[in-house]
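After this come two complexes, each holding chain A, first together with chain B and then together with chain C.
After this line comes the complex of A and B, so read on.
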């Protein structure tokens, strides 16, 4: 078994299992903590509030735009760029079709791949530089924040290297890092990719009952 | 770890402090942190990505640029306890030595300032948070751990002791209330029914209103007399202020809510009117039933809702409209966290010809700086005064502003003191009084 076969075979299955089981464990674990029924008579629907809370926080409030536009722009650039790369890069679509779902969808062209990658890299680098340069960010950041950023950066970087599929070594490196990223994911703050919906939703539901979406 | 009950009184807590070691007090805080961390709080602590946006909404940070005042940083002790003991994978993380270290008493002492002196629980940080985290609500819960460890500030502990002893954090006794009401009856010529069995509405008041703005009672009497509202005040439970919610003592909060509930149910009223006070509304309307473990036999309505209902029914006839250039200060707990955004605006429009919104008004309004027990905590007054600079800038952004309407007596006092400290002349008035001033004779 070559190293490439290992990272795309046993290690991939192990990493994917850790990711799926770990992420599910964490989300279910959060929900299982439970919450007492709110006995105060509601003015409005908590369920509607849950949805509104989730949607409302996709859009930054103009009141804070002057002080936060830069962070929001970088955040959206990174996340949208990463989303495009993850689900529409040609090798990813092929991998998903052949190894996971059994079906695929149209992939983006190489030009769009480069544009998406540049946007994602720009966003990630700006966010990380801010993390080490801004006094607030230095105060609140911990090891996990840096680990998550660097692992994601390396996965993206090696993914770009491996795009040409000319060198099995580059593909091996990329898949190895992807596996590490998947294994790290459920134990880290990267889990916000799932927990954001709970966090926004709880606030939306609690205050939605009162008739407001903060 | 030993579970320690929440503090009942400062005297009891002082006694326990002397007996309990620092380790025991830290353990008591951790126990309480874990107890108050439900799925909502856990999801907040889990979802925070340390993006720092919340700092940009916090007036304590904006006025000082001190990164320690970043709202999410204030939650650190709660996060540590949760991640060490309760989070999914916490057992695994402890086993491999990657869980946060156990909280120490020194850390809690350090954080007491961040939790009590530099957070109004105004909830503005939630608006800017991409994860929608209710940091204010989490701080509210977190304070219960600080009470368990006897680390609440002295000012709030005194207010709590007063409330438990006399029913009022400012020691307003039934005798003092009756004297104030008698004086208002004399001034308005309208009698106020005390302890009236079967009245439609029972009005409760904040200590600040009774002590600082007694004309509020006269204003209500005039409005209700004109509108034909059947109302009363209970001499057994007239205090709306709930210092238990501010300090973080569930036991005290429940005791204070139950006094109002018992009195209202004994009188058989249909509604209890929460006054122009921010946290009192949340305490009675939203937290109260959960503290009591049951729903009430009456409805809780805010005075703004009642007045707006009277307006809509045509029972609030105005003599004239105010011509001054006025604006509205939106109290956080009534508007951002209480959902009463439109009512005060509709009422002001009913009375004023020259109402203008401040920048950032409404749900995103800046807190006065005195909420969440900060104004009752002398240790925090320097912070409060610094934070007021943000509020002042908001006022100054309105050209030719002549009057500020504040439908919260605590906000009103904080605003008046802040304006005086910054030597900026600007009158502040309650909404009920503003309406009463223009009521048709």
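After this line comes the complex of A and C, so read on.
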């Protein structure tokens, strides 16, 4: 068995299992915690608050827009770029079709792939630089934040290395890091990819019930 | 396509003159000849990879390359591929005139989308290759080694420049959060592009003998992909750098005196404003070379818009020369910002500098900002982050 066969075979299945089981465990655990029953009479709908809380956070508040536009823009650039790369890059669509779902969908053209990659890279670099340059961000960032950022960056970088599909070693490197990323994911703040909706919704529901949802 | 047309003509002529056994023998001979040519080509990589007509074949043949710098001629034991006229002495038609026109760079018609494919031989390409792999690579390497050597020598003689009078414990906000983010954004991309660019330019001479062809092909392919993908983002970072740092980077009278005093690198004090002459030169150097790199880089990424291989080759040379100049100057900048000078780096990491450092290196700027000096580092950093610099 070659190293590529290993990272795309046993290691991939192990990493995918850790990712799925770990992420499900975390989300189900959060939902299972529940919260204490609110005995006060509801002024408005908590469910509407949950939804509004989620949607409202997609747009920065006007009061803070001037201070937050920079990382707001970078955040969108990175996340949308990564989403496009993850689900619409031709090699990924092929992998998903052949190895995971058994069916695929139209992939991005190479031009759009490059544009998405440029946007994602630019966003990620700016966000990480802000993390180390902003005095407040520096204080509240710990090892996990940096690990998550760097692991994601390396996965993207090695993916871009392997773009030429000229050498199996580069694909091995990329897939190996993807596996590490999947294994690390449930134990880190990368989980915000799933928990952000719960977090925003929880806050939104509390305030919605109290009738103070913006 | 031209070769196949000539072969078709030959085969047609033979077929018309012969019949029966002669026709079969001619076909077999043709197949054997083709197989022989393919075997010779496969066994001789040089034949497969380069188009090298006999010297002086036509007027526009590239000047003979310097064997020491030529990738083929410079290799010990390398033998220049022998050019054979496959039809000589066979009694067939050899279209000398057609090949002369091809050799002169005349373009024919093609039905595929790439119009440049109509030109089979472009002699300027040989001249470009010799220049890139010869003088540009050789002199570029010497320039980089020279700069690195001069920096090392200076460090050995002078050591790390301390802050005169030591640290006061009082800091002044110097770089805003936006300035620092833009700086590190550009610096990060610069490092990736510089490293991958050096692999592309010098890898075959430096890495190939060390790591072998298998590993080198992997590194080279990875470098090329990363370079091509990161390049366009670097263009954005250069434009941001230009806009963000233009304040204070116009040359002033004090810069002339700073230059006359050698910037204080060899003793004495040289006054300067927010940025000194060296920093201003680095700024404009970065902007101008960054734009040259961007334009030439885009030209190489989208050659179909150039319409000619000559422009592509010029873009490649301009890219290599500008990159070498950028890296050479960058080495000095990195040295001074890190190990060369005490107190410089924190301006770009925390956004603040020590009062004595400011007084020593940017006294004219310090005079205007000394009221902001404080022992409360958090307050100074917060002010810097908010852009109060």
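As a working rule, the second predicted complex is superposed on the first by the 213 of 214 C-alpha atoms of A that agree within 3 Å, B and C clash if a C-alpha of one lies under 4 Å from a C-alpha of the other, contacts with A are read in each partner's own complex, and residues count from 1 in each chain.
We adopt the following convention: contacts are C-beta pairs under 8 Å (C-beta built on N, C-alpha and C of every residue); 3 or more make two chains touch, one makes a residue touch a chain.
All values reported here derive from a predicted model rather than from experimental measurement.
Once chain A of one complex is fitted onto chain A of the other, the partner contacts of A:25 are limited to chain B, with no touch recorded for chain C.
After overlaying the two complexes on the shared chain, residue contacts for A:91 are found with neither chain B nor chain C.
Legend: residue contacts after superposition of the two complexes on their common chain; A:134 is shown touching both chain B and chain C. By the document's definition of touching, of the two partners only chain B reaches A:61; chain C does not.
Contact with chain C, but none with chain B, is seen for A:121 once the two complexes are overlaid on the shared chain. Of the two partner chains placed by superposition, only chain C is touched by A:164; chain B is not. In the superposed model, A:104 makes contact with neither chain B nor chain C.
More residues of chain A are touched by B (comparison of chain B with chain C).
Within chain A, the residues touching chain B in one complex and chain C in the other are 130, 134-136.
Chain A meets chain C in the complex at residues 70, 114, 117-118, 121-122, 125-126, 129-130, 132-136, 157, 160-164, 166-167, 169-170. Listing the residues of chain B that touch chain A in their complex gives 37-40, 42-44, 46-53, 55-57, 61, 65, 67-68, 70, 72-73, 86-89, 93, 123, 126-134, 137, 285-290, 292-295, 299, 335-341, 360, 363-364. Residues 22, 25-26, 28-36, 38-41, 43-44, 53-54, 56-57, 60-61, 63-64, 67-68, 71-72, 75, 130-131, 134-142, 145, 186-187, 189, 191-192, 195-196, 198-204, 206-207, 210-212, 214 of chain A are the ones touching chain B in the complex. By the touch criterion stated above, chain C contacts chain A in their complex at residues 177-178, 180-181, 184-185, 188-189, 215, 217-218, 221-222, 224-226, 229-230, 232-233, 236, 349-351, 378, 381-382, 385.
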